[in-house]
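Have a look at these structures, which come just after this line.
One chain, chain A, links the two complexes that follow: it is found with chain B in the first and with chain C in the second.
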Partner chain A sequence: MSWHARVQARAGAFVLDVDLTQAAPVTAIVGPNGSGKTTLLRALAGLVECEVADVRIGGAIASDSAARVNLPTEARRIGYVPQSYGLFTHLTVVENVAFGLAYTDPPVPRRDRLDRAWGALRELDCDDLAERFPAGLSGGECQRVALARALVVEPELLLLDEPLSALDAVTRVRVRSILAARLSDFGRPAIVSTHDVRDAEALDAHIVVIEDGRVVQTGSLAEVRADPRTPFAAAFATG
Partner chain B sequence: MRDARPLSPFPLGLLAGFVLVGLLAVPFLVLALSSSPDEFLAGIGSPVFAPALALSLSTTVVSVIVIVIAGTPIAWWLAVSQARIATTVGVLVQLPIVMPPAVVGVALLETFGRRGVFGPALDAIGVTVPFTSAAVVIAQVVVAAPFFIQAAANAFREVDPEALRVARTLGAKPRTAWLRVALPMALPGLVVGASLAWARALGEFGATLLFAGNLTGRTQTLPLAILSALEADVDLAVVLSLVLVALGGLLLGALHAAPRLLGPTREVRR
Partner chain C sequence: MALPLSNVVTGWFAKIGRSYRVTLDHAGGLGKLTWDSAVAIVSLKVRFRDVLNQMYIMGIQSLPIVFVTASLAGIVTSQQGGYQLISSSPGYVLGTLVVQSVVLELGPLLTAIVLVGRIGARITAELGTMVVSEQIDAFKSLGRDPVAILAAPRIVAGILTMPLLVGFADLVGIYAGMQMASLDVGLAPERFFYGARLFWHNWDLFYGFSKSIVFGFVIPLISVHMGLRTRGGAEGVGLQTTQAVMFMILTILILDAMFPPLLLQ
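The block that comes next holds the complex of A and B.
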């Protein structure tokens, strides 16, 4: 199972133009603010309009501009964890996690959904939060709940938008190791946007450096370190 | 921990503020005490009371239903649209808030009255609007809808767009995502808006008087019944007012309870 994405999207003067193929289980998209990381993740999920979008996810065509195929977001089997977590504030944590189980193919029977959601929370060591509401959670707790919600439906590709950037230093280290452990169990590809070289290191990620909407360098962290192509890549690789 | 800020940097100003609060609250207290139980029972036994209460309740319920059904989609659109026309529509929606109700009444007459713009066309299909219960509802909808739309749009603006995106990635179609995520997340704000609109519709007086008249059983709502009673029987006016005060009090209670009963703030926000 793998992914491939050739995407061109325009927003005002900004143009995103990338052509990427999976090279490792976890891919880290790194780049300065406004370089197009979030737009790229949303394009993969079918959440933004693209001029060109040829996207394959898990062997299935999600989008093919030439053939005029463009699966809607809900049919792409994507797990998405946005930077703001996007938790449903009117639902408890366990109801948040159970949400997607109503829409799997076939849908999980109603009586099994909460059990499955509890299980997903347990895997991230946060089942103690199950009956609380998102408004009372800390950033690290929100992050784990959002991750559990994305993983419970067993997506073909997981997209994480700066998953650790909003957390304080201590929480970040803890959630980073939880994330690394959970992603290696997950067994399907993940794409993570980040500013922090330690994220890429902990997740053993293949690096894709994006600047101004274009890929300027790809490779392992060691390769980027040894031969950074841009000042940003150099600054990133050395932390 | 308590903040070290002073309760008021201007003690005299605070005193004036409390006088203002007294001005807001004391008249209602006086009103509540100015009717004996016997007078109250006599008042609600008067032939004016029951029809006016029934008309007030039925027309405001219809008005609020119309406002919520038509106002919710436009509030969502105002909240998410980036089109320039949305700003214009947003201003149009606020128009009735700043217009005196009497002006709204005249404007409605000029529009739907016999000699109004649409009068002849309505006449031709046998429809007369002014001085009917329908006119009462129209007047209430016009003056009250802005309160709902404003509150609902603000509530929808608070909904994290990422939550909707996540719902889509979890398999929900756009309509399902809206119904199961955006709507319930904004619900406390929508309830507050509907309560404000109901209060405004219940108190509607000027536009109704001009556009619908003051006909017992047909267009005479509680506020208009107070006007008629004041000319003949002040005690009855007081009783009618007390009923409106009680309804208003109920609404105020509901307004404060709604966010707690419906919202996610059952947990303490950190």
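The block that comes next holds the complex of A and C.
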């Protein structure tokens, strides 16, 4: 499994222009607000129009502007957890998790979908929420349910947009350790955007620093700490 | 201080340019949505259950408001017709007036306006909320095509439901008009229907139902299109819903004005 992304896309006041290849199972995209982290994840997911795109996920071409190939999001086999979780408010938690299983390749038989969804919830220690609706859940619970929903379809690449930013300090520590454990079991690449060095540290992530839509530094956390190229990278690495 | 004339003229051109751009943008978006929905329908990606569910929401749940609107339309037409005609024309002409007005114009148009408020606004707000809460993004990332699941069933349901609602509105409007004619000017039902039959053309029914099919297509199409283009949180949903309602009403009135020269010549 691997991914590669060469992306040029207009996002607000700047142009996102990055060329990245997977260097570790988990990649942490870090950068100040408005630097293009979310746009990069959305470009990989096929949710924004790119001027230039060469995106390969799991060896398959997801987007190649030169060859005029641009798979829609639903055909990319990615798992995407947006910042506000995107849980379907009219479905229960277990129905939310089972939702994507009808369209996997090969499709999961109807009778197995709920079993698989319950299993995914158990793995994230939130099976007690299964019959509830998202409106009654806390931020940490929503995050775990959204993660279960993204993982249950076994995507080729998991994209998490600031998964811990909306959580309070105590919940953040708990969800961070659950996330780290689940991603290490996942066995496929994941890209996580974050502002917090503790997230990158817990996930043992390869760091990609983005500022104004451009990659300014990549490397392990130790490398970024040892030789930060920008003031933001220095501030991030030292926490 | 007054702006120089060149700035004013440049401003006008800029406004005209922006208007053209917005119009073309919407036209392109509506065309693409129509095409994508047609492809989803032809490739059997649209679930019958989703269409039935939407037909229930658009049809059965709209019956009470359509009943009230059509009754009042029939009653008012009958009263005003009675006031204007009864001293100068034979009474049965009132039957002609009510039936023709309801079948040709009031039934389809008022039902469409009601559906804009009840269904169109609801669809735009519902899909807009799904967009701003990133549910549509999650939807796509889970392998689902929003056009096949969210857009096409609503469009198909609109096309199938609207003629049924208009048929219901026609019957209710005519019955209410007939009762009012009886109460108001003492016109017996048989005289009312004599007048209705005297100037009746089967084409009129086809004309009214043609309108209903077009309106039934346009309302969900525009509301889905506007809903999926929502940006900017709760405020954006409110703004987009208001704009969608204006867009739908304006489009329906323009299409309504295009029908007589096309089909009543």
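Just so we're on the same page, the second predicted complex is superposed on the first by the 238 of 239 C-alpha atoms of A that agree within 3 Å, B and C clash if a C-alpha of one lies under 4 Å from a C-alpha of the other, contacts with A are read in each partner's own complex, and residues count from 1 in each chain.
Everything below uses one rule, namely that contacts are C-beta pairs under 8 Å (C-beta built on N, C-alpha and C of every residue); 3 or more make two chains touch, one makes a residue touch a chain.
Not measured: the values here are computed from a predicted model.
Enquirer: Superpose on chain A as described above, then tell me if chain B and chain C fit or clash.
Expert: clash
Enquirer: Based on the superposed arrangement, let me know which partner A:135 touches: chain B (first), chain C (second), both, or neither?
Expert: first
Enquirer: When the two structures are overlaid on chain A, which partner does A:67 contact: first (chain B), second (chain C), both, or neither?
Expert: A:67 sits against neither chain B nor chain C.
Enquirer: Using the superposition on chain A described above, determine whether A:13 touches chain B (first), chain C (second), both, or neither.
Expert: A:13 sits against neither chain B nor chain C.
Enquirer: Identify the partner contact of A:170: answer first if only chain B is touched, second if only chain C is, both if each is, neither if none is.
Expert: After superposing on A, A:170 lies clear of both chain B and chain C.
Enquirer: Using the touch definition from the top, say if A:103 reaches chain B (first), chain C (second), both or neither.
Expert: After superposition on chain A, A:103 lies in contact with both partners, chain B and chain C.
Enquirer: So, does A:78 touch the first partner chain B, the second partner chain C, both, or neither?
Expert: Touch partners of A:78: chain B and chain C.
Enquirer: Of the stretches 1-9, 217-225, 235-243 or 253-261, which one in chain B hits chain C?
Expert: It is 217-225.
Enquirer: Do chain B and chain C land on any of the same chain A residues, and which?
Expert: Touching chain B and chain C on chain A: residues 42, 45, 47, 72-74, 76, 78-89, 99-100, 103-104, 146, 149-150, 153, 155.
Enquirer: In the complex formed with chain C, which residues of chain A make contact?
Expert: 42, 45-47, 72-89, 99-100, 103-104, 146, 149-150, 153, 155, 159
Enquirer: Flag every residue of chain C that touches chain A in the complex, lowest number first.
Expert: Counting only chain C, the residues touching chain A are 133-145.
Enquirer: Which of the residues in chain B end up touching chain A in this complex?
Expert: So the residues of chain B in touch with chain A come to 160, 162-173, 176, 180-181, 184-185, 187, 263-270.
Enquirer: If you look only at chain A, which of its residues touch chain B in the complex?
Expert: Chain A reaches chain B through residues 42, 45, 47, 72-74, 76, 78-90, 99-100, 102-104, 132-138, 146, 149-150, 153, 155.
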